[in-house]
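Got a structure for you, written out below as structure tokens; questions coming shortly.
When the chains are written out, they are named A, B, C and D in that same order, and each has its own residue count from 1.
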Amino acid sequence: MMAVWRQVAEGVTGVIKGHVVTLRNLFRRPVTYRYPQVRPELPVGTRGIPVLLSDEEGKLLCTACEVCARECPVQVIHISAHRDENKKKVLDEFDIDVSRCMFCGICAEVCAFGAIAMSDVYELADFEQDRLIYNKDRLAEIGRRRRGPIINYGIKTEGPRYGPEPAATAASPAPAAKTSPPEGAKP
Amino acid sequence: MALALAAPALAGGNLYTRAQQLFLDLGLPPWIFAILVAAVKVALILVFILLNVLFLIWLERKLGGHLQNRLGPVYTGPFGLLQTVADALKVLVKEDVIPAAADRWAFIVAPFIAFVPALMIWLVVPFGPGLQARDLSIGVLYVAALSGLIIPSLLTAGWSSGSKWSLLGAFRAGAQLISYEVPLLLAQLAVVVWAGSLSLNDIVRAQQQGTWFILLQPVGFIVYLIAAIAELNRTPFDLPEAESELVAGFNTEYSGFRFAIFFLTEYANLLTSSAIAATLFLGGWSGPWLPPFVWFLLKTYVFVFIAMWVRFTLPRLRVDQLMNFAWKLLLPVALLNVVVTGAIVAL
Amino acid sequence: MDTQIEPRTAGGEEIHTEEIMVNMGPQHPSTHGVLRAVLTLDGERITGVDCDIGYLHRCFEKVSEKLTYPQIIPYTDRADYLGGMTNELAFVLTVEQALGIEVPRRAQFIRVIMSELQRIHSHLIWFGTFGLDLGATTPFLYSFRDREVISDFFEEVSGARMMYNYMRVGGVRNDITAAWVEKVREFLRRFPAYLQEYDDLLTGNPILKARTRGIGRIDAATAIAYGASGPVLRASGVAYDLRKNDPYLVYDELSFEVATATEGDVLARYRVRLKEMRESARLVQQALEGLPEGDFLGKAPRIIKLPPGHYYGHVEGPRGEVGCYIVSDGDRRPYRLHWRAPSFVHLQLLPIMAKGHFMGDMVAIIGSIDIVMGEVDR
Amino acid sequence: MTTTLLVFLALAAVSLFAAWRVVTDPQIMHAGLWMGLSFVGVAGIFLLLTAEFLAGVQILIYVGAITTIILFGIMLSDIGEVKEEEPPLLSLPGRAKRPGTPVAVLAAGAFVLALILLYRDVAWTSLPAAGTLSTAPGAGTPAGGLWEGFSVKLIGQALFGEYALPAEAASVLLLAALLGALVLAAREEG
């Protein structure tokens, strides 16, 4: 008989405790925010779509060596180039099919010239599938538009980097720059 | 709500007699006037219910959001207040799908079998002194009878959809509603015994003279609370439409307008149960300082808040546990409560 | 409560009622992905379960045969998309073992931190969806609230919230910074309070206990026979944990308990996972304390070619033993890659667990084995 | 008086039409729903006669309980539609013939006759006389009917006073039926 009563008491306190938890949370600040108006502050090095970087004069850093196209696991990079009179490769086309890209960042990683970086652009929905194939002009434009430093992650990247140099050593990302968890993350 | 506030003037006040006089002067038969008055009353009640249901749906989402550390609806209107309106418009322009396997006739009729009684219940709810469409002497019985009509509706809906999920949901709904109606009625019965009348108006007046029945009938109130939530198919008793088990139960196949009717009925019933709870246990419209109608609304929303709070806290019961709970725990407690109440009243 | 079906007889003859066949899924709110379970129901009782899988098949193993080893790493994230870090680890460890690469100590510690954060991350999702399966919506949002913090950690260090592509042959891709470590410490300080909230909200709830106790019971012998691992096995009373039984990385230097329970039912699995979250938090704490200075990425050949042979590596993922089996013919690409997915193994237990229980229990059982369909179908 | 008459006629028509459909609708589920409608109509007539309690009980028990049980039964047994080649149990003149039809008509006629004979001698006027016995003022509003507010009390007094024995006998009978059903159902479980 005692056991039954204890069980009942346990059940009632269990239910009440649960209600206290939800009621307490009713008066906390919500953790969500009005997304398109309020935007999350992305950490440096977030992997959005890969973009092409340019130097100070606005010339693309890409040399059309096609390493990225070869290393891309999903084969979404298409490059074509021709040789100019000095037998130097000139980039004609550089397309990324963003609809199939999986944002793994390998292209940026393997690029020996630091010509590709992962941007912080992630809103890619479009009404036409064709528009999801980004050509070199669009990619370069996003690359110039970047906000904050783009860190070309990677193991072997030592080429020139566009944007301010991060504080840490070549390979370490120093992501401490300006991140903060979304507001209200602390209960 | 403002319209409903104007009702006393129409129902009992000066305006009523003057209007009546006007009609008699015009030489019209009195029954035309009676019908007109009835129509006005019905219209007022309909407006009241629909406005409240719109608000309730918004409240449920907003409250749920904040209970869960979310914002809830924010984009449509101030504080997202127009979200329900937007949703209603969206639902109404949806394609009206009747499944090929469905029994057309019953499929179409089913939502209305629940909807019409849900609105009719409000004929006897006392919004304030004299603010009642009709003070039936069998008020409590009337409410019980009409709220029971939802069962055939759900059974019909589930059966006619021609879907197994709907059928299972309908079976569950039928079994659950029948089971929980018994303790619900017994909880109400204890109040009736104490007040000595079935009329909702009398019950409010009895509480005005004495104390609120929640103090005299705490057990009855808890039984009512639990059974009412079960009758409303709300978590933790939302088995008929348990989305993780039955997809959406009896209304799996419903869409568009008919789905809206079911949705509306659900919230109208929540409002009804809350209003009845306020009337039976919380003293109805009685209270100091504020106008009676405001008191009535406040008390109604206390119950609404509890129902929503519970919904966002508890997990769902299993179907056999639901039955066990009704028959093995709730029913004996409710019966005992009636017996004890009867003994106290008799002494 | 006895929930087994008893043969219903009257006058010596068995009475048969018509059974209903129901397709649960492939699109169903609680199948955690696209799983189709064909249920045979006697009223609400389940008399048979027939799982139909493959709706999410993406040819992971076949595609891997056409990819170089570094290219496979992002694919492993997508097998069990809630356990990316441990999946990558399983693959990377296998390759390292084949090549005989020594991984720097700092990288090993970082890998432990990531694995354990991943475990907490995954169990938080499980907690939320399990609550959702039982009809409680609020735990889901609370656990996601807390999970987001870990996602932020991952994003900061790897650049992605789910598909990390973080582990590398020979180490990890990026170093962790002091600021990051401090943030994780802060999270770990708050984490017990979160867990307390979950306990108050769900664990102590009598409805949860009634719904889970004695449901979906599986005994140790059956679990072993079916090759179960992870929390499903440990909830049946077998204290088998690869972190203890076949220590990899630096797990043998860290102290933690293997969470076990003996009942083998849904409630036991629930308890084991909650306990594991606590233990994982302890592990992260220790790994942060002991984090040595040094390289985070060791020396690895530029072009990775595995010597011909068969290699198997495994780690303790959030769901159980994640195994990677590579057959190499000496090329830059594996000749064959097989992925041992714990969810796939545990799904085989579903018919045994579900038989004789109610429709509503089915949902709790699926929730308790914590399947990820991406991993089942691969 | 015209309003009452009109409403009565409407309700009677609905009830009769529904009742007719109950026996003619080939889809049994629909027949069950028609039956519910017929009960609702009868409840309306009760209400018209200011027998509110009876109306409430009619809805609660006949529509809320009996129709539900019948719908449940139909759903569980999966009878579905009566096939075209099988004529409905009761066929109307002109449709396919059923040997049972004349018997059914005879039985129904006899039942109606018996009811008429039974109720012919009931002194309907005794009700107001009983009303004077009730000293309680009741709660009827001025707008209510003559006996509004009294009927529940009267019925209660009658049930637990004069007719206590029959009422108890009926409840014992129901209890026995309930237990019987329980025993039958329990035996199936083995």
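Note that in this section contacts are C-beta pairs under 8 Å (C-beta built on N, C-alpha and C of every residue); 3 or more make two chains touch, one makes a residue touch a chain.
Predicted model, so just to flag it, every value in this text is computed and none were measured.
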| item | value |
| --- | --- |
| Both-way neighbours, i.e. chains that touch chain D and touch chain C | B |
| Relative to chain A, chain with the most remote C-alpha centre | D |
| Distance between chain centroids, defined by C-alpha means - chain A, chain D (Å) | 71 |
| Separation of mean Cα positions, chain B and chain A [Å, integer] | 50 |
| Centroid distance [mean C-alpha coordinates] between chain C and chain A, Å | 26 |
| Chain B-chain C separation of Cα centroids, rounded to whole Å | 45 |
| Junction residues of chain D, two or more chains touched | none |
| Multi-chain contact residues (two or more partners), chain B | 67-70, 312-314 |
| Chain C, residues touching no fewer than two other chains | 138, 142, 145, 201-202, 205, 207 |
| Chain C residues touching chain A - in the complex, by the definition given at the top | 67-68, 70-75, 78, 138, 142, 145, 148-149, 152, 155-157, 159-160, 163, 165, 168, 173-175, 177-180, 183, 190, 193-194, 197, 200-202, 204-207, 296-297 |
| Partner chain B, residues of chain D touching it in the complex | 2-3, 27, 29-30, 33, 36, 52-53, 55-57, 59-60, 63-65, 67-68, 71-72, 74-76, 138-141, 143-144, 148-152 |
| Chain B to chain D touching residues, read off their complex | 29, 31, 34-35, 103, 105-106, 109, 113, 134-138, 141-142, 144-146, 148-149, 151-152, 155-156, 158-160, 167, 170-171, 174, 178, 181, 197-199, 201-202 |
| Residues of chain C defined as touching chain B within the complex | 1, 20, 22, 28-30, 41, 44, 131-138, 141-142, 145, 201-202, 205, 207-208, 210-211, 358-363 |
| Residue ranges of chain B in contact with chain A within the complex | 63, 65-71, 74-75, 309-310, 312-314 |
